[in-house]
């Protein structure tokens, strides 16, 4: 483990995210959360490692698979839970739900449920950042599948052409819903990006938050010397099904064995001692967030009509 | 009589299109997976081959353009979207290419592509998984748009459009109906252009409800409810929003003098607007009372269930509107007190 | 009174937006070239810098998404399309993102992007360079859509929307008006929301013509023509298709009892449909005669001039419709015999 | 000059296209052609060289810059002229005009005035060709600017993934309207395409129809052995403005000198003797086509309403 990062702190972050999502699984059958949930279980270390390096001013745009990045970036747990419960105190007043979390106070700029749609938005934010002469980072986070959309090509081209201060993060879990990457893509991700004269990096240990943070921190230091578009592919593994609360192999498209190698290295599974130590405190926080959510008022029709224009 | 779910009617239609036409192909994300597009393409890749039932990259515009080109060269592609909202990425190919290819080149080509897209509330879909773009498509000449409201309609319209019609079609399928069982009368399937014609779903004399998709079912429910209180609703299932039967509409209104349009999308610039135009351009004195329109609230769709329930019209609002129009006093007729349409129809629970 | 061309009003509005707001930027293909978007962005890159007036790659969806993101981070982007048809490539970003970003996230964000798109016939544009998508955009909550019909409207609405309004806007500018000179009354520019309100373009008592964009000018021409024969037309310029003033409309119809809608797009599911809905939902007895609608023929746009001239309504058809509605007999009033609207307005000749 | 090709024949084809467009320029001010025209003058050798290798069954999709490929592929000149004149005998009954020519009898499958929109159509036609077990070639012809659209990325990916029998032809005239390529593109065209595992070729002598035909013929022979997606960049030079009938340097964005090198090598300019010999016959044909067009009936309102569904 890399000593530049406090293993315990990052472990805590990652465990917190996992426990939050495990709690969501537990309560999902109660229908308290009545919207689709795309879980990040197995992928938490990516969000935690990256966000460890970021400030609250740095801006991050991500996807419907939003919980991990929301929490890692510093979004409020209570407000997230209230959002999932469809309450007025939710971070988006109940209008967003699990697929549309946002917490601008900490630079968590929004998540789109239309694949790849947030990528150009991040490029645009980086354009503004550069034009306004400010120095914060902008991150576009997306999955491997998102690279198949045309707008990805357009976004890479524009970012490179104007040498914008943006970091593209591709969380490669090798699946889009139930389709494997090689069934959908004729290109290798990084070689393709390099054709746009964009520098690429690869973080293969996506299960290891400290490794992710270290690698990303090096990249960011260099980036700050010379702001420019950078692409980082982070390998990771989805443990649960694409959407919903089931395992990711019950459909037969994937074997449990395939995940075993990842799980074997996953600190949240391996380091049972630390888990045992930290879990109780997190459990309390989660319970409080649920209590908060349940106590929060339900929106009214007047609320439905707000925020349109 | 045979009963059949909407889903099974879709599955049968997909199967038959592949079986009856060797040039039919199905494109779509996940059409060959173990969920098979909510069960409507299950087993087809195995039976007809992966080259005819193809999973695609996440490239809506590109795949639509590929369908257009394949259609120009002899195939009959079906392109499936699990949400109509995703079709917005493909609108250039649909509106600028598919809808115009025949016209632009003076009739040289036909473009038999069939786009299936799922609409409708189900489970906290939110703003980007809930839209119902029939008005958008219907504004552009060159397309046919259908909104089947039952299994019989699926069997009829899909058979016609996938065999004997040769232009681009958009079919909007409501997610909440997939699990519903419908009566199917195979001996009397409508054929040819009749297969997509508007029709009387219920006869009545007090008010004409013009409805699309699941709102036809809602209309039937409200009609049944109000019948007990002596209100007799006539219901027109629009069926195809590009092929509204104006005669049927006007005849009905001559009888009832009252018009309520119930659509699955927003009211402004929607089906309600078009129906009102058809009426007012024909006869300014047909209605006894102002028309009314039911649709989604004039906002993007909120995710929280409690807001969703207010966002979509429910049976009580439906009944209330009718009661007010026929001039019955509300005091006399209790309103149904269902909270939510989806509670009524839904057999499934999350995620989609 | 000052006179000013539509083009110059656009150029001044672009200039002022850049001059008054350091966070305004202009994106678009060719905005910095020697033609400067039909002369409306000429010299701005030189004056305000290439970083603020930027030529873009041919990537409509991407650039729109970039505008949305830039708006979320403090800029006020203007995105220009020389043809509204090209905006169809960007509809996902407009409909699924820009129109919903504020709502979806509970009001956290504003998305002040301003999309300028050119509509309208000019010179054999054909099916893919002629569409007028106001109805499409206006169906979706979250957008404001304007269709300025003169230089004064440009000055008013652009000043308001580019300074004091903070949501996404689509402005549809008619190509045939660019060279027309209009009176401009700078002392009485409407401000605030009034800047985009519908207004009475002409008072009259016999018929209400509700018009958009260049059809307002056509309405004025036909009104002048018919005035000589004793027919007194009232004209409402809709101005914003998302903010139609229903009161103004109804008051006018109470007086005239006759409704003719003249729009730049197709009639079905268009502005005419929406206006008819607004009337019929309010009062079923307002009209003395059936309403009429003028718009493009229900086909894609043909290229040949002689077909174009039949495809778009001309002054004779306009007059004929009114004459029929007011019940004058056609024999008494000769029809104007212009062949084509574009012959009347056009100062330019090809290519665009 | 390459002996595999009959120089004189191809010269005739190219000269014919140029003279047709020069005639269009001449009559344009008469307003007989009332639609935008995007001329190919300077680029004719590309169309002629490529189409020399194709059969009438091979399918070609191209753009608003349509005249050269229409004629080279075998589209009827009379019907083209009638189309430009907006007459009923036009190849599209007057509904298409200059931007939308088509002649399915010879595999000229249509032209789109929306940049890049025809590219996926060509890919789809190739898909059908493969699925139906037929062996004709499909060509997608487009400009350098078209590669900036997202759908280009999607089309390349799909074509490669399914190893479709398609040849992508990028006519690189280095301009999109008035913008130079480097102002719009961060990638080099062929390197970018190679990222999709698509083989690329470069034909730099786009002014030389025999060279184009030879190079293309070699590629096609190889293609027939092993049908697969292939990308060919052909360098060329637009002599006239993007749209309309003016020269391409009056706006100041481009100098006449820049074109001089191309013109110096252009056989249609260089070989005055052959031109003098062939021109009279072509002129007669062109005059006949104009007479045909002018004699052709004008469409009626009934014609406007045809061909919608």
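Letters A, B, C and D name the chains as they come in the text, with residue numbers starting at 1 for each one.
Rule of thumb we're sticking to: contacts are C-beta pairs under 8 Å (C-beta built on N, C-alpha and C of every residue); 3 or more make two chains touch, one makes a residue touch a chain.
Remember, it's a predicted structure, so these values are computed and weren't measured experimentally.
*Asks:* By that same contact rule, can you tell me which chains touch subunit B and subunit D alike?
*Replies:* A, C
*Asks:* Once you find the CA centre of subunit A and the CA centre of subunit B, what distance in Å lies between them?
*Replies:* 35
*Asks:* Between subunit B and subunit C, tell me the centre distance in angstrom, where each centre is the average of that chain's C-alpha atoms.
*Replies:* That pair's centroid distance is 31 Å.
*Asks:* When the C-alpha atoms of subunit A and subunit C are each averaged to a single point, how far apart are the two points in Å?
*Replies:* Here the centre of subunit C sits 42 Å away from the centre of subunit A.
*Asks:* Enumerate the residues of subunit B that touch no fewer than two other chains.
*Replies:* As it turns out, subunit B has residues touching two or more other chains at 56-57, 59, 61-62, 85, 88-89, 92, 96, 103-104, 126-128, 141-142, 298-300, 302.
*Asks:* Which subunit D residues sit where two or more other chains touch them?
*Replies:* Those would be 90, 94-96, 100, 112, 114, 148-151, 153-154, 157, 161, 183-185, 307-308.
*Asks:* Taking chains as nodes and touches as edges, what kind of graph is this: line, ring, star, complete or other?
*Replies:* complete
*Asks:* Sort out for me which residues of subunit A touch subunit C in the complex.
*Replies:* Listed in rising order, the residues of subunit A that touch subunit C are 59, 61, 90-96, 100, 102, 104, 109-110, 112, 114, 117, 119-129, 131-132, 138, 150-151, 153-155, 157-158, 161, 306-309.
*Asks:* Would you tell me which residues of subunit C are touching subunit B in their complex?
*Replies:* Residues of subunit C touching subunit B: 61, 85, 88-89, 91-92, 95-96, 99-100, 103-104, 126-128, 131, 135-136, 138-142, 259, 265-270, 272-274, 276-277, 279-293, 298-300, 302.
*Asks:* Under the touch definition given earlier, write down the residues of subunit C that touch subunit D in their complex.
*Replies:* Interface residues on subunit C, with respect to subunit D: 29-30, 33-35, 55-62, 85-86, 88-89, 123-129, 297-300, 302-307, 310-311, 349-352.
*Asks:* Which of the residues in subunit A end up touching subunit B in this complex?
*Replies:* Subunit A residues touching subunit B: 28, 31, 33-37, 85-87, 90, 94-100, 112-116, 145-146, 148-150, 176-179, 183-185, 243-245, 251-253, 298-301, 303-305, 307-308.
*Asks:* Show me the residue ranges of subunit D that touch subunit A in the complex, using the header's touch definition.
*Replies:* Residues of subunit D touching subunit A: 148-154, 156-157, 160-161, 183-188, 191-192, 194-198.
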